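Common to both upcoming complexes is chain A, partnered first by chain B, then by chain C.
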Partner chain A sequence: MTPVLHDWVLDAGCYRVRLLASLLGADLDLRSVDVHPGDALRSEAFLLLNPAGTLPVMEVDGSVLTDGPACLTWLAATHDAGWLGDPSPGGRAALQHWLGVSHELAATLGAARPMDMLGASGDPRPLRLAGRGHLRRLDAALARGRWDGRAFLLGDRPTIADVACFPDVALAGDCGMSLDPYPSIRLWMRAVRGLPGFVPMPGIHPLHEASPFPEDARGSGADAARGTAA
Partner chain B sequence: MTIAPADRAAWYPAAPSSAVTEGHATPTVLLGEGVALFRTDGVAAATGADRRALAVTERYDHVWVCPGTPDRALFAIPEAAMPGRRAVPCGSIHVRCSPLRAVENFLDIAHFPFIHTGILGEEPHTEVNRYDVRIDDDLDEVWARNITFHQPQASVSAEGALDVRYEYRVPAPTTAILYKTCPARPAEWDVIAIFVQPVSEETCIAHPWMTMFDDATPHADMVAFQQTIFLQDRSILENQIPARLPLDPGMEVPTQADLTSIAYRRWLKRRGHAHGAQLVAA
Partner chain C sequence: MRWTAVMLAADLPPGAAAGTTVDGTDLAVWRSASGAVHAWTDRCPHRGMRLSHGFVRGETLACIYHGWRYGTDGACRHIPAHPSLTPPKTIAATDHACREAGGLIWVGGTGEPPVIEHPHPVRSLEVAAPPEAVARAFGAAEGVRVLDLDGRAATLALQPVASAATRIHALCARPDDRLALSRALDARRARAEGDAA
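Up next, the complex of A and B:
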C-alpha cells in the first residue's frame, strides 16, 4: 500500500519525507492540510489522526507515524537500508545523534520560521540564537568530516541523517538567518541539492549550477561526432 | 516619519476578515503606525495610534483601512460577485521587502521559468511576447493586456502545459490583480490578486487571494498551490537591492518584458506615492 502523507507544502518536516521519498523513488499519496490560514491542525478530524496536532503524519500499513525521523526510517527500511547508514554500533549511534540534532533544529530554526514568515505568535529571537549554536556545531562537524573525505554527515554517502537535518538548515534564510558564515554547511547543502532525485520546496531552490552549460552540451555533441567519425 | 498625503489617502489591506473577531482587538501595523481592528455586531472598525477612528471597508475576505481621508472608494473586483466562483484567501505572508517590490514582482512574467520552474514557466520557453500596457486615466489604474505565456502547470486544475492568456491590473498602490485563462472555462478569467499590507517601507504582509471557477480541487490544494508560488518568490524579494522601489528612471535599464513594471513606477510617481519607494537615485 502506498503510504499516505498528510502534507503541507511549506512545512519543513513534511518536506523531509517528500525529499527522501523522491531520492528513493518511493511513491507517496499526498493529502494537503490547510495549516495556514485554515488552522486545520486544530480541527477535530486532524486531532483524531494525531492528537499532538503536528505534521508530518504518515499512514502506513495500518499505523500512523507522527515523527519526522520515524517516517524517514520507515521509508529507508522498506526501500534501501543503505540510507540508514553503517549498521555497526558506532554507525547506529551516529545516526541517532543526528536524528536528535534534527529535532533540535526543528525546535529552534524551524520554530522561528512560522513566526517570521506567517506572524505566528512567539518571540523568534531566542530561537534564532539557539539555532545559531546548532549551525556552528553542524558546520564544525561537517568541516571535520570533509577533512576525512566525507561529504555527508555519516560518511561518503547520504543517509536519512542528512535528509532529516537539511530542511531546517536550508530554510534558515526564512527566519532571517544568513548561512554565509558556514562554508561547510553550504558545501554540504550543495551536495544534497546535487543528489539524483532531489526535489526543491518553496524557499529551497533547485541546483541550477548542476545543469549542463550550453558549451558542455555542444562539447559532448562534438565528442559524439568525433566518436562516429572514428 | 512623515507620510505623504497621497499615501494616507489610499486603501490598504489590514487583515484577513477571519482574523478580526468579536470581543477583542486585533493589533496590526500600517505605514509604520499601530492600528487596532475590531468587530462589533459583525461590522469591522479600526482605530489609529491616537485612537482616532479610521475609514474601514470590508471586501474580498479582507479588512481594508485608509489611514487618512480616502480620495475614492475601494476599487471593485466585479468578478468576485459572479455565481459559481470560489473565493480562496491564501494566508498572510510576512516579507522583508518594500510593499511596492512585492507588487512589482507579482507583475513580472519574465522570472516564471527560473523561479516557478515547471509550474508557471520552463526553459526554453522564456520569451515574453510584446504586449499592451497603459495607464488608464479614467480609472487611474495600470492595465497590461494581450499577454500570452507558455505554462507547464498554470493552475491546480490545468491538465498539461497551456499557452495561457494574462491581463494585469493595478487598482491601488499596493494591490495587483491578475486575470488568467480559466482551464475549466476558457471564456472566463481566473482572478488572482495580491493584497499587500505596507507595514514599513521595507517590510510588508502579502495576502494572496483568488476567485476561480473550480468545483473539483480540494480547498487545501488551491491554497497550497498559491502558497508554493508566493513562497518561491519570498527569498528572492528579500534579497533585492535597493530595498525600496526606485522610481527614478536613472537607476535601472528596463527591457521589453518590464513594460508593466515601468508603467507601475510611472503611475506611482504621478500619484505621489512615496512609501516604500526610492524617489531620488542613490
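Up next, the complex of A and C:
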C-alpha cells in the first residue's frame, strides 16, 4: 500500500519525507493539510489522527507515524537500507546522533521560522542563538569529514541523517540566519541538492549549476559558447 | 589597499558562488568553470537580489531572480526575458579586486597578497565579538597572524565582517594537526565571545 503523507508544502518536516521518497523513487499519496491560514492542525479531524497536532504524519500499513525521522526510517528500511548508513555500532550511533540533531534544528531554527515569516507568537532571538550553536557544530563536523574526502554526514554516501538535517538548515535564511559563515554547510547543501532525484520546496532551489542554459539544451548555435558547465 | 582574506580557496570549487562581508560591504565571490575567482558587490543591477544566491554556469554568474547573466568582467551578457537584446554596457556588476593565493581568496587589495607559509586548510569560523575581544583571544583582529596553538603551528587570516563579527580562516603546517587546531579555535572563540558578553 502506498504510504499516505499528510503534508503541508511549507513544512520542513514534510519536505524531508517528500525529499527522501523522491531520492528513493518511492511513491507517496500526498494529502494537503491547510495549516495556514486554515489552522487545520487544531481541527478535531486532525487531532483524532495525531493528538500532538503536528506534521508530518504518515500512515503506513495500518499504523500512524508522527515523527519525521521515524517516517524517514520507515521509507529507507522498506526501499533501500543503504540510506540508514553503516550497520556497525559506530554507524548506528552516528545515525542516532544526527537524527537527534535534526530534532534540535527543528526546535530552534525551525521554530523561529514561522515567527519571522507568518507572525507566529514567540521570541525568535533565543531560538536563533541556540540554532547558531547547532550550525557551528554541524559546520565543524562537516569540515572534519571533508578532510577525509567525505561529503555527507555519515561518510561518502548520503543517508537519512543528511535528509533529516538538510531542510531546517537550508531554510535558515528565513529566520534571519545567514549561512555565509558556514562554508562546509554550503558545500554539503550543494552535494544534497545535486543528488539524483532531488526535489525543491519553496525557499530551497534546485542545483541550477547542474543543468545547461535552456538555449544550450536546445542546441542553439548562437548561444552554445555561453555557459557550457556540465 | 590591503588585501582581506574572505575564504579558504578549497571552500570555493569551480562553478560555485558564496556570499561574504568585509567591513559591512556584502560581496558575492564566485569561481568560474575555468577556475578563476571573482568578487562583486552582492547586488544584481536589475532588482537588487543578492548575486551570491545566483548560479555559475561556465564563465558566467546568473542571478537567481530573473536569470540575468554576467560575464567574468561583470558586464551583463544576457537577459532571458529579452533574448535578442544585446545588453547595454552600462548594465554591469560592480567588480572588486580578487586574487587566489596561498590557499586563500583575497579581495580589495593592490599589489601582491601576503605570503602564507602553511599549506593545509583547516576551516573558517566566525567569532561574534568586537575586535578587542577577538584580538585578546587570537592575537589580532585583522590581517594575518602566525601563532602556536597548544604546540601546533597555524596561520590565521582574519576578516573584519561587522562591528561584532570577525571571520577567521585557518591553515596549518601538518594535516595531522587539523582536528586539534579546529577544537582549539572553537575554545578560543568561546573565550572571545564570553569575554565580550
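Criterion: the second predicted complex is superposed on the first by the 211 of 230 C-alpha atoms of A that agree within 3 Å, B and C clash if a C-alpha of one lies under 4 Å from a C-alpha of the other, contacts with A are read in each partner's own complex, and residues count from 1 in each chain.
Throughout what follows, a residue touches a chain if its C-beta (ideal position, glycine included) is under 8 Å from a C-beta of that chain, and two chains touch if they have at least 3 such contacts.
Every value quoted in this text rests on a predicted model; they were computed, and no experiment measured them.
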Exercise for review: State whether A:Ser184 touches chain B only (first), chain C only (second), both chains, or neither.
Suggested key: second
Review point. Touch check for A:Ser32: first (chain B), second (chain C), both, or neither?
Key: first
Study note, to complete from the structure: Per residue count on chain A, the busier partner among chain B and chain C is C
Exercise for review: Have a look at where A:Leu118 lands relative to chain B and chain C in the superposition and call it first, second, both or neither.
Suggested key: first
Check your understanding: Which partner does A:Ala40 reach: the first (chain B), the second (chain C), both, or neither?
Key -> first
Check your understanding: Between chain B (first) and chain C (second), which, if any, makes contact with A:Asp174: first, second, both or neither?
Key -> first
Point to revise | Touched partner set for A:Gly91, first chain B, second chain C, both or neither | key: neither
Exercise for review: For A:Gly203, select first, second, both or neither according to whether it touches chain B, chain C, the two together, or no partner.
Suggested key: first
Check your understanding: Between chain B (first) and chain C (second), which, if any, makes contact with A:Gly155: first, second, both or neither?
Key -> neither
Check your understanding: Once the two structures are fitted together, what part of chain A is touched by chain B and by chain C alike?
Key -> 205, 208
Check your understanding: Taking the complex as given, what residues does chain A use to touch chain B?
Key -> 8-10, 32-34, 36-38, 40, 116-119, 173-174, 176, 202-203, 205-206, 208
Revision key, fill the gap. Listed in rising order, the residues of chain C that touch chain A in the complex are 7-8, 11-13, 15-16, 18-21, 33, 52, 55-60, 62, 64, 69, 77-78, 80, 83, 122-126, 128, 167, 175, 178-179, 182, 186
Check your understanding: Which chain A residues qualify as touching chain C in the complex?
Key -> 132, 136, 139-140, 143-144, 147, 178, 180-181, 183-184, 186-187, 190, 205, 207-209, 212-215, 223, 226-229
Review point. What part of chain B is in contact with chain A in the complex they form?
Key: 16, 18, 89-94, 96, 114-115, 117, 205, 218-221, 223-224, 227-232, 234-235, 238
